[in-house]
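Next come two complexes, and both contain subunit A; in the first it sits with subunit B, in the second with subunit C.
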Partner chain A sequence: MLETVAQAVINGLLIGGIYALVSIGVTLIFGVVKIVNFAQGEFVMIGMYVSYFLATYFGVDPIVSLLVSMPALFVIGVLVQHFLIRRVLGPNDMPQIFLTFALSLLLLNLALLLFTANYRTVHTSYSDEAFHFGGLYIPEAKLIAFVVAMALSGALWAFLRATDLGKAMRAAAQNRDVATLMGINPNRVFCVAFGAALALAGAAGSLLMPFYSAYPFVGQVFVLMAFVAVVLGTLGNVLGALVASLMMGIAESLGVQFVGADSGLIVVFAMLLLTLAFKPQGLGGGRMR
Partner chain B sequence: MGKDTDNAGKWQVLALATLGVILLLLPQLVRNGFALDIFIRILLFSFLGVAWNLMGGYAKQLSLGHAAYFGLGAYTSTIMQIDFDISPWIGMIAGGFVAMLASLPVGWLCFRLRGPYFTIATIATAQALMLIFLKFRDLAWGAEGTTIPNLGSSPLMMQFETKASYYYVVLGLLVLGLVITWRIERSWMGYYLVAIGEDEDAAEAIGVNAPRIKRHIYMISAFLTALAGTFYVQYIYFIDPATAFSFNISIEAALVSIVGGIGTLWGPVVGTVLLETTSALLQSWLGSSTGGIQLTVYSLILMAVILWRPTGLMGLFNDIWQRHLDRRPARVRTSP
Partner chain C sequence: MSRRRHKSVLDRESAPKPLLSKQHSRRRFLIKAGGALAAGAFGAVPLRGYAADPVNIGALYPTTGSMAQIGVGCVAAAKLAVEMINDAGGIKSLGGAKLNLIISDVQSDTTVTRTETDRLITGNKLSAIHGCFASALTLIASEVCERAKMPIITGSSSDQLNKGRKFTFTPFARASQFARAQLQMSKLVSDQPKVAVIFENTAFGTSTSNGLKELAPGEGVEIVMFEPYSAGFTDAGPLINKVKASGANALFSVSYLNDLILIVRTVKQVGLNVAINGGSGGFVIPDFYKNVGKLAEGLQGIAHWNHDMSPDCQKVNEAYKKITGDFLFEYAGGLVAQTFMLADALERAASADPQKVREALSTLDLSSGYAAMTPGGKVKFGPDGKNVYGRPVGVQWQNGDLASVFPQEDARAPLIKS
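And then the complex of A and B:
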């Protein structure tokens, strides 16, 4: 019994690392640019397809293809911010919500047109390997994904704390007008934030590839998790999103283990609804918006 | 100016009467099943858009979870029909009330969040409902769903032999939705809704009871959406959670309203005509096999509208009409 619980917690924690990459991106964009990017999941999907094609046609290991998917998605992020998002920033919610929503629909359906709905997998030498500790086992691919995800999250956190650009981003997040008066160029900061968030989504995609299938709808699984984690961890709070993601990974895994195979999502929704009912400002405290 | 508005009013009545006659005669003139099917879809999604627009358009509570009420309406009437032999006409109204009741706790939860996070919470509730209907077989046939027994021609059970009859049913629903919207638009409630949509805090500061108004409009919107759900499953003779709670229903309800003109009486209708016609043309041109093309085109249209004309097609028509009005006096002055 205890072993089953421990195994479920390990599985949840490992996948929670991937959720963290997605939700840190969502919360970063929300904190700095003040919009919710409904298309974040589709950028995970793009990251997966990038790694899939690099692995299938050039034999590049999915983990190595991180070096392609992250810069590529950073550039896409800057372009999306500069040419699309910038035009709808303002007090009105409707264009912001539905612009990123339209982007999500567009990318998803383009993928469906170009790549069909087929599931695509990459098999690596470590896909089936696992470390054994007593009765517990830790899949190697998931462990690598978790470690890299944590390293990237830590790198982002350090970037926000220690570099001038990171400080400028946090300043713009706190008060855009004052930040502008202090000589910070908001559009540049927004472009970097959007690019960084998408690079994290791309990294999540590449890291998933050794043990997860790529298909056009795959992003929706992750984006729902990310949205819940971001609410749970207080909107705009990077550390909160990270902790909440890991918690949700564990909760989902326990749900699958003890309630039934397809009940992971129900657990996640229940967590969202309970959070909204009892602690709508999130577990991190602070103001909602 | 007075004469202009009088004239405009007269023209509007005339245009409306003409449109009404055309819509009533349409099934008599067009006997092609494929075409009638498209007309029924246009009317149904217009109605869904009208129901969504009441809350999403006027009060700017941008829900992407209206499939929850569509599905509840569909399941309520179907369960009543199959298990208790009660006519879907009664089931339809019952479904409306079930949806209305369900909107209370959902609203209680979701209205705690504003803006995009309200939208996300509505998506989550609709998805959660779908999962519940998928998972609990005892509740309603689980994932396989069920076919609705075909009784032949049985108007009392909302089953007809001709597509034209379905056409008139859904036309009636759309008229109902438009009349309700028209009445609300001109009432104190309409002004409160627009005030909430513009700035909720400011509206509350001047004494609008925003939570109550939002709750009420959500109930009305849910009720109407549920009627559409009953009609739809009766029309296709089949129900399963993936159809009844389809995310595409939520998307389409919002999409037609935004493309047509959010917060306007005719916006959802205009938007549906454009989107459904485009989709029908694409289908006859490319065949129905290419998955994804319809939503690809829809999302491009949506992006174009948001970037260049956030007031939708109705805003575009108004601008053109205004330019026409502005030009007229100039012509009077130059020609003595």
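And then the complex of A and C:
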């Protein structure tokens, strides 16, 4: 029994690391640029295809292809912010919602057109292997993904704390007008924030590739969890999103184990509802970080 | 520096104003351009050519959307079958009339299937239709065909296709037969099979697994776990954790490709020793092996057709391989046989009239030739449109190929016990 619970927690924690990369991206964009990026899942999908094609045609290991997918997605993020998002920033939310939602649909259907609906997997030497100890197991590919995800989250955290640009981002997140008055160029900060968020999505895609299939709809699977995590961990709070993602991974895993394999998400959403009922600001206590 | 900063503040203040004029027109253009592109991409593509008075056969397959990969293979097989019949002189009783395939894309969507079937029947002078791979789509196409009195022949396995229908013909095994064969296969692996059944909580998953549950006691198979899951999960770990706790020695997974890949990989990672039976559909197509690789070796499945069953099957398989590079998979292979059944009916009806084709199909009785490429090698339709000799064939992945291993009469290779 104890072993089963321990294994369920391990499983949940590992997949929670991937949820964290996606949700941190969403929360970063929301915190800084103040828009909800509905297309975040599609950028995970792009990251997966980048890794898939690099692995298939050039034999690049998906984890190594992070070095390509992250910069590529960063550049895409800057371009999207500069040429699309910037133009709809204003007092009205509707154009922003439509824009990111349309972007999501466009990318999804473009992927269907270019790559077809086929499932594509990459097989690495560690894809099917696992570490065993005392009746428990940890899949290698997922462990690597988890460690890298945590390292990237930590790097972003340090970046926001320690660098001038990071501080400018947090300043813009806390109060855009005052930040502007203090000499911070909002568009530049927004571009970096959007780029960083998409780079994280790209990283999530590359890290997923050794153990998950790429297909055009794959982003939708992860973005739902990301949105829940972002709300649970307080909108705009990076640390909150990270903690909430890990919690959700564990809750889902325990839910599958003890409630039913078709109702693992019930536990997750129950958690969301209870949090919103008792702490409407989310677990982060409403503080933006 | 200060000027630029100032400008950016101004930009932000005035941003909402030009929103309407410039942006609007660009968006409109995109909408229109997108619409034009979409209109070109979809729609029926009639294949023209050949001499006077060809016999039109309608083909309904999902060549776009989520089932596209199988649909495209079906179309390739349908074209191959028509070519084989035409090259052999066409329908002799109709003066050597050639078959003309009219393909329609049902887009993996039930609503589109209804309109496309209607359009295909009203827009063309058809003699018969075959389609649509997925049972959910075939059920709708068959309803439309019944109303239009148009014979439809299909490899779809839903038992509902045989209820109250006069124009629907199903030459291959039914879903209920699949379940029984799967249970019997588990007895080949272990004398006391303890089966864990995991299935996606959709109509397909639920009906298939309920069939397994009902038949298990009669076959002497114990089901130790019976668990629905939500399709499209991110991690199979928790589910396999449960299978491990159940103490099962066989695992039946009623799943589509993506979930199945995760399940198979996780079973390997856990180091769980269970005989996996992946059922049919996405499990018995070349793509499964391409995705799963060596891990697929030894996995069992069930199919209504397999390419090694008879010399005729192997011959068609070789021809198909030359065109597509992959082996002829279950549904597409059955489709070649179906086309030859239609040709036999047309030959005997000596007419392209759908009513007469239906009569000829209902008296069809074959045990040789390409039309008899079925497990057991015999076709004869009962009053419910079911092949009275229909039965499934148990298969196993061996050396990257799908080998027939069950039942004894159809086995072309011994079952490998892992």
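Following the convention adopted for this analysis, the second predicted complex is superposed on the first by the 286 of 289 C-alpha atoms of A that agree within 3 Å, B and C clash if a C-alpha of one lies under 4 Å from a C-alpha of the other, contacts with A are read in each partner's own complex, and residues count from 1 in each chain.
Everything below uses one rule, namely that a contact is a pair of C-beta atoms (placed from the backbone, for glycine too) under 8 Å apart; a residue touches a chain by one contact, two chains touch by 3 or more.
Please read all numbers here as calculations on a predicted model, not as lab measurements.
Student: Taking the superposition on A as described, I'd like to know which of subunit B and subunit C A:Leu265 touches: first, second, both or neither.
Tutor: A:Leu265: touches subunit B and subunit C.
Student: Of the two partner chains, subunit B (first) and subunit C (second), which one does A:Tyr137 touch, if any: first, second, both, or neither?
Tutor: Only subunit C; A:Tyr137 stays clear of subunit B.
Student: State whether A:Leu273 touches subunit B only (first), subunit C only (second), both chains, or neither.
Tutor: first
Student: So in the superposed three-chain picture, is A:Ile15 touching just subunit B, just subunit C, both, or none of them (first/second/both/neither)?
Tutor: A:Ile15 contacts subunit C only, not subunit B.
Student: Per the contact definition in the header, classify A:Gln7: touching subunit B only (first), subunit C only (second), both, or neither.
Tutor: After superposing on A, A:Gln7 lies in contact with subunit C but is clear of subunit B.
Student: Give one of first, second, both or neither to describe whether A:Ala117 is in contact with subunit B, with subunit C, with both, or with none.
Tutor: A:Ala117 contacts both subunit B and subunit C.
Student: Have a look at where A:Val228 lands relative to subunit B and subunit C in the superposition and call it first, second, both or neither.
Tutor: first
Student: Applying the document's definition of touch, where does A:Leu105 land relative to subunit B and subunit C: first, second, both, or neither?
Tutor: A:Leu105 sits against subunit B, while subunit C stays out of touch.
Student: Applying the touch criterion given at the start, work out whether A:Met94 contacts subunit B, subunit C, both or neither, answering first, second, both or neither.
Tutor: first
Student: I'd like to check the shared interface: which positions of subunit A are touched by both subunit B and subunit C across the two complexes?
Tutor: In subunit A, positions 87-88, 92, 95, 112-113, 116-117, 260, 262-263, 265 sit in both the subunit B and subunit C interfaces.
Student: Once bound in the complex, which stretches of subunit A touch subunit B?
Tutor: Subunit A residues touching subunit B: 35-36, 38, 84, 87-88, 92-99, 101-103, 105-106, 108-113, 116-117, 216, 224, 227-228, 231, 235, 260, 262-263, 265-266, 269-270, 272-273, 276-277, 280, 288-289.
Student: In the complex formed with subunit C, which residues of subunit A make contact?
Tutor: 4, 7-8, 11-12, 14-15, 18, 86-92, 95, 112-113, 116-121, 123, 127-130, 132, 137, 139, 180, 183, 185-187, 211-213, 215, 217, 221-222, 225, 252-254, 256-257, 260-265
Student: Could you list, by residue number, the parts of subunit C that touch subunit A in their complex?
Tutor: Answer in residue numbers: 4-5, 8-9, 11-12, 15-16, 19, 23, 41, 64-69, 198, 201, 227-230, 232-235, 237-239, 241-242, 245, 257-258, 261-262, 265-266, 268-271, 287, 291-293, 295.
Student: In the complex, go through subunit B and note every residue touching subunit A.
Tutor: 60, 62, 64, 109-110, 112-117, 119-121, 123-125, 127-128, 131-132, 134-135, 251, 254, 258, 262, 290-296, 298-300, 302-303, 306-307, 310
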